[in-house]
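Each of the two complexes below includes chain A, the first together with chain B, the second together with chain C.
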Partner chain A sequence: MGEALIGPPLPNTKRLSMGMVDMQFSNYLLKRMLLLVVVLIGASILSFLLVRIAPGDPARMLLPPQASPEDIARMRTQMGLDRPYHEQYLMYMTNLIHGDLGFSHHTGRPVLEEFRMRLPATIELSVLSLGLATVVGIWLGVMSALNKDKFIDHAARVVSIAGISAPSFWIGLLAIFAFYYLLGWAPAPTGRVDVMVKSVQSITGLMLVDSALTRNWVLFRDALSHLALPVLVLSFSFLAMICRLTRAGMLEVMEQDYIKFAQCCGISRSRVVWRYALRNAVRPVITMLGLFVAQLLGGVVFVETVFNWPGIGRYAVESLWYLDYTPIQGFIIFMAIIYVVMNLAIDLLYMALDPRVQY
Partner chain B sequence: MRRFLVLLGLAILIVSLCGACAPVTEEPTGEDQPPAAEPKVLVFGAGNQPGDINPLIGKNICAEFIDINVYDTLVGRGKKVSPEGYAMEDPDNVIPGLAESWDISADGLTYTFHLREDVRFHNGNPFDADDVVFTFEMLQANGSYATTFDELIAEVKATGQYTVDLTLNRVDPQFLRRIGTYNGCILDKETVLAAGSDVTTQMEWLASHAIGTGPFVLGELTTDIARLEANPDYWAGPAALDEVIIKTIPEAANRKIMLEKGDIDIARSPGTTDYADLEANPDIDLVIRPGNSKVYYFAMNTQYPPFDDVRVRQAIAHAIPYEVLIEAVWGGDKYCPQAHSLITSQFPSHIPVYNYEYDLDKAKALLAEAGYADGFDIQFDLFDVPAYRNCAVMLQAELGKIGINMEIQPMAPPAFFQAGDAGELNLVVNSWWDNSADVVALMRKLAHTASIPSEGNWAQYSNPAVDQLIEKAEVEMDPAVRIAYLEAIQEILAEDVPYAVFGEGQIVFAANKKVQGYVHYTDALFRFYEMDIDTGQ
Partner chain C sequence: MRPDTSRYHYTRKVFFSNYLSVVGAVIVIAFVLIGVFGRGIVPYAPDQMDYSSMIAAPSSDHIFGTDQFGRDVFSRVICGAGISLGVGLVVIGFSTAIGMLVGVLSGYLGGKIDTFLMRLVDLFMAFPPVVVAMVLATILGGGIKTLVIALSLSRWCGTARLARGEVLSVKNSGFIKASRAAGAGWLYITWHHILPNIISPILVSSTLSFGRIVLSTAGLSFIGVGAQPPIPEWGTMICEGREYIVSGQWWLVFYPGMAIMITVMGLNLLGDGLRDILDPRQRR
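Moving on to the complex of A and B:
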């Protein structure tokens, strides 16, 4: 009963028939899907043109510096770079529709296979880092807001500033030095698993999931121990931002009349804070979370380099260094998909959180 | 809700910390290891990933490490002991590989190779002359040095099941050494042809697969690890090592601490700031060997003012703070000896002719003589890596003292090479080397008119006298005469100074003292067949 009195009166959705609401919503989804297709086509054209405008010759980059101009010309023909642009684009799009993202010349493997090998590593790292950052960040933010200017608020502020200012690769190197080299707690930064571990049966590509599914608990522990340090380092900066945002939102919401009214009604403080206030305060955090996910999935190059993590970020940067067209194009398209999907997810999440939002 | 969040957060934290505390030494294979002999595994920490391992291409040194151990070449490179007491390549000696013996015709143009019989590829296919012919045809048509080999080789044909006749277009005293490295890796014709019907597919297959006759079999190859398992049926007997793991560790700092902790046995290219620490460590050897003709220099574009005037170039040569530069960038003469010629000091043809000393007064005087008493503005094109960046900054400071305003333009590698190929680079710092340590080829690339602009002659130096000397040296079979030509070339280049040389690049790596058997080859490749680990017990 208390819930219905909080906030402005809800629009009476029961007047509309369920069918109409559904249709409205499914129209909305359809529009967003069409938008995705449009964005993808735009992204593919843009990425195609951009890499070709960039200075440098990818054939040149693939061969040693001592290679002769004839060898470079032959490599260009082999890579299909001597054809006119529209022909190259058509070839690329035809392959794309068939799921062929092209051949990554600097690694010697098809781009799709490279993505398939590297994306699970990035996903595992991202999900765990963001999960940890969100849980701890929100909790710390709420605690800071409730205990404004007390010790925990100051402590959280120090942590936040450190997390936002300190560069992740520096924290990473320090962490490796402290926890691996000096203390011997963390394993060697060899990537996802120990060097001696032979390749394991890959079902999803996510080490934790695969080892749990195959009941290989020794591998599970090894994967987890290798994940610990990079997850902690990566979550640090996101945690800081989430904490600050939550704190700011909570401070504002806790001053609202309906919160005071709820407290007057005798609703427990814990319920007021976590079920009512947080839900209203967390909207900017959701927005940022969407962006964070996109950022993480795009790969965090520094952490991947420092921890030798075979993720997608390092691959993207290497492709730029070698001016390897196909992975760069593939990566841009992939990021376009991620951003569109994340935006849609955020909008849907708003809808779930806030009954006032309707599409 | 709150309690749930707290518990969830704590759970994640605890689980990850527990995982972090997993003992490092545990063997996570979950299978029973035979308790008898511990397999001898060498873990090699490389700085970049292998990527494309096609031996015809020679993508990067990590790929070449794999190729030279998984494939065999027709001939190998001989060994000797250096005056300092370490094992190194004997440049005058070539040893049998897949070719048991060979005859060279009187005119030096035709090589007849007698191949080993009863050799099999890793997949069981027999090795014979067809594979050799196929490999050389692929090299001439599709390798990264295709033009060079195509110009060099007239014809390759099988004259028997185990004999191959290879005819050259011109005499090449270095030919056998040229095919004794990664380019000469013999492929299995059947397997490559079965991989695809067109060359592109075959090359793509070769980029991530390797079936050779070599002492190691390529096991797992992923984005950052390559496992080489000893070939038990190798024709020269199985290797001492059971397995070699080549692991990509991009951060030099990580390679160093993992070596110190014993998680890897060899760390390639440690950071220059770590040299002192590694040397001081009693369990680690910092191995420093002369580079394979690698020389560092500042190149000046001789086609455009102001560098078209030799006096300006000489002025620049006098403005380089040689000792301070080497100390700052590499940590001292020990790690990068000062260069006194484009040809580095380990070669018999080296003469220390380049003797420009750091002397700002002389530099100013030369500039005034050339008409630039007030100095000038110049753009420095920087290939943006830390060592070169430091060199550029130091040069900028010194040139400022003699009135030259140098602006540093950092460039990403693709843009840099594009500018180089178009002949647009003004002043750069760079290094060059020849894979077979063929100094005549080095001269051809750096100083011959035909190499302008995109074959390496970024200084766009053109001197008919030098061109002639290079051409004569290329076909001269008598080493003494060849050395005479090279000495003449060095003298002219030191006088004309299109390249202000300052450092001799060294091969530096750090290894655990228990690693044995490293031989220093001019192609800088590790041949793991000769290496072993002293397990002590």
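Moving on to the complex of A and C:
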């Protein structure tokens, strides 16, 4: 866990008088908003530079192969490519603020529209994976800490070492082999639903929610069966990391005096474990959750590629194959937004769980 | 310098008392040996095609089977170790060098330079390393060389932050002040006093990130922006074998992936063991 040594800075736990807390908090929010702006400007500069560094003329790529040099020159003027860089950047930023992410030439649609179409598939996949990984990972971590050096502890450790060490795309392919080819339990890895199952009008874009809302249980089951393998595969490595962190935290907390005191008071074991100990043991997990989300978005790229999942990650990979850089620019900015928003959410969660933490 | 026997015995005890780190060390030694000498010991050349036995299941002739061009999967997996080892070492070297330079400058000089460099690190850390590497590798145009550059550029921030923190914690120690009072320049102090004191946590985190680099190399090659066929890179092999998995030819994908998993596992276990010795504060 190289990144475990870095993490976000430790929260400031200084005691403050109650009157100052609100001001402190709004200061903190302001700082966060500033960071959001800085990261977004940075991301926009990066994504702007990307197309300028990349080989190939963007104007050339939009035109058919038989276009004459005059056509290309006209297109360059039209796209503003003949102007100085700072003017081009301002143009790019203006478009960005108006929600214009450019045009994806390999799909022939605006990038924003593509993102809107594909985002629900990615959200469905990653939210379910993160949820599954958190619940099962914490449960497994607690169980192996309580039964240290027993069978379940060793089993959990083997699972977590394997989960951290094996590449997700490989696990995905093996899962397809086992559950589709050998056992026939899972559907073919061809996307979100079977082509034979009639789809419904998109309401939220999330297949499970849409089919449940319209009471289309055939579709619901089909969507669920298509989701099962990708979700399991994507959650595997996060489950492993969460399990390791929870186990370590739990072992430490269970030795503390207040836990012993609670046990002496005759409070039931399950209450001591799940209410008193866990609340303190999961703190490192929450700290790392922000990092996990960033890694999850990296993992999404591979899992979506393996399962032909029509989400953002596969779209990014396809765009790379076609040397279509506008979607990549959008992808970079999207990543940056997710990162900043997630970190904010995690800080707030932190405060909710631990009243001593103040900003 | 007199060898510090008690420290040596302590180190040996800690390392060998944890049998998992010994397992890790054995795996890593095997990986390095195979990486260096692998090409000399394989039964077939990694790119030797044989159209009479394509996609043949594992047998006594080809213990890991053959791929779609009749190449021996075992030989290719063995040769893949050398590529992962080479890429990993170079990337670790470059990214640690960049990270330490940035971190030490930032921590030692402080002030505006520190603020600027750390905001830069924040910016880079806003993206998953794999995504940064993926984009960079594509722009620079595929292949092993660009893969190395892309991975190095995507991985220096962690080291930079770590190095900065370590520098800050030793910067105000008495011996640094004494050295400065004795007239030592900042370059001398950095090289002789700061670097030796911050090197072990950085070494640990580098070993631990070696595993991640092996994973990223394979991952980028798998999605087609890293090593290109016919190079026997593990991720490339999995990518090539991918379409055969739905028709049941598992060995094209299984063995290279197994090689990745065992190697990364070995590196992680060894890294955990090293951390216990070199960086006792992080012990769990």
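As a working rule, the second predicted complex is superposed on the first by the 284 of 359 C-alpha atoms of A that agree within 3 Å, B and C clash if a C-alpha of one lies under 4 Å from a C-alpha of the other, contacts with A are read in each partner's own complex, and residues count from 1 in each chain.
The criterion applied here is as follows: a residue touches a chain if its C-beta (ideal position, glycine included) is under 8 Å from a C-beta of that chain, and two chains touch if they have at least 3 such contacts.
Computed from a prediction, not measured in an experiment: that's the story for all the values here.
Colleague: Of the partners chain B and chain C, which touch A:267 in the superposed model: first, second, both, neither?
Modeller: Neither partner.
Colleague: Given the touch rule stated above, what does A:209 touch, chain B (first), chain C (second), both, or neither?
Modeller: Neither partner.
Colleague: Now for A:105: first (chain B), second (chain C), both, or neither, which partner does it touch?
Modeller: first
Colleague: Tell me which partner A:63 touches in the superposition: chain B (first), chain C (second), both or neither.
Modeller: first
Colleague: Which of the two partners, first being chain B and second being chain C, lies in contact with A:341: first, second, both, or neither?
Modeller: Neither partner.
Colleague: In the superposed model, does chain B or chain C contact more residues of chain A?
Modeller: B
Colleague: Applying the touch criterion given at the start, work out whether A:53 contacts chain B, chain C, both or neither, answering first, second, both or neither.
Modeller: Touch status of A:53: second partner only.
Colleague: Considering only the touch criterion stated at the top, classify A:152 as touching first (chain B), second (chain C), both, or neither.
Modeller: Touch partners of A:152: none, neither chain B nor chain C.
Colleague: Going by the contact rule set out at the top, does A:189 touch chain B (first), chain C (second), both, or neither?
Modeller: In the superposition, A:189 touches chain B and chain C alike.
Colleague: With both complexes overlaid on chain A, does A:321 touch chain B (first), chain C (second), both or neither?
Modeller: both
Colleague: Which positions of chain A sit in both the chain B and the chain C interface?
Modeller: 54-55, 173, 176-177, 180-181, 188-189, 305-306, 320-321, 323
Colleague: Chain A touches which residues of chain B in the complex?
Modeller: Touching chain A: residues 1-2, 5-6, 8-9, 12-13, 15-22, 24, 26-30, 41, 43, 49, 51-54, 57-59, 142-148, 199-200, 203-204, 207-208, 220, 222-225, 227, 245, 247-251, 253-254, 257-258, 260-261, 263-264, 412-419, 421, 432, 434-435, 445, 454-456 of chain B.
Colleague: Which residues of chain C touch chain A once you look at their complex with the stated criterion?
Modeller: 119, 122-123, 126-131, 134-135, 138-139, 141, 158, 161-162, 201, 204-206, 208-209, 211-212, 215, 218-219, 222-225, 235, 238, 242, 245-248, 250, 253-254, 256-257, 260-262, 264-265, 268-269, 271, 282, 284
Colleague: Applying the document's contact rule, which stretches of chain A touch chain B when the two form their complex?
Modeller: Touching chain B: residues 54-58, 60-72, 74-75, 78, 103, 105-109, 114, 117-118, 128, 131-132, 135-136, 138-139, 142, 173, 176-177, 179-181, 184-191, 193-199, 216, 218-219, 221-222, 224-225, 227-229, 231-232, 270, 273-275, 278, 305-306, 308, 310, 314-315, 320-323 of chain A.
Colleague: Considering only the defined contacts, which chain A positions touch chain C in the complex?
Modeller: Answer in residue numbers: 1-3, 5-6, 35, 38-39, 42-43, 46, 50, 53-55, 161-162, 164-167, 169-170, 173-174, 176-177, 180-182, 188-189, 248, 251, 294-295, 297-298, 301-302, 305-306, 316-317, 320-321, 323, 328, 331-332, 335-336, 339-340.
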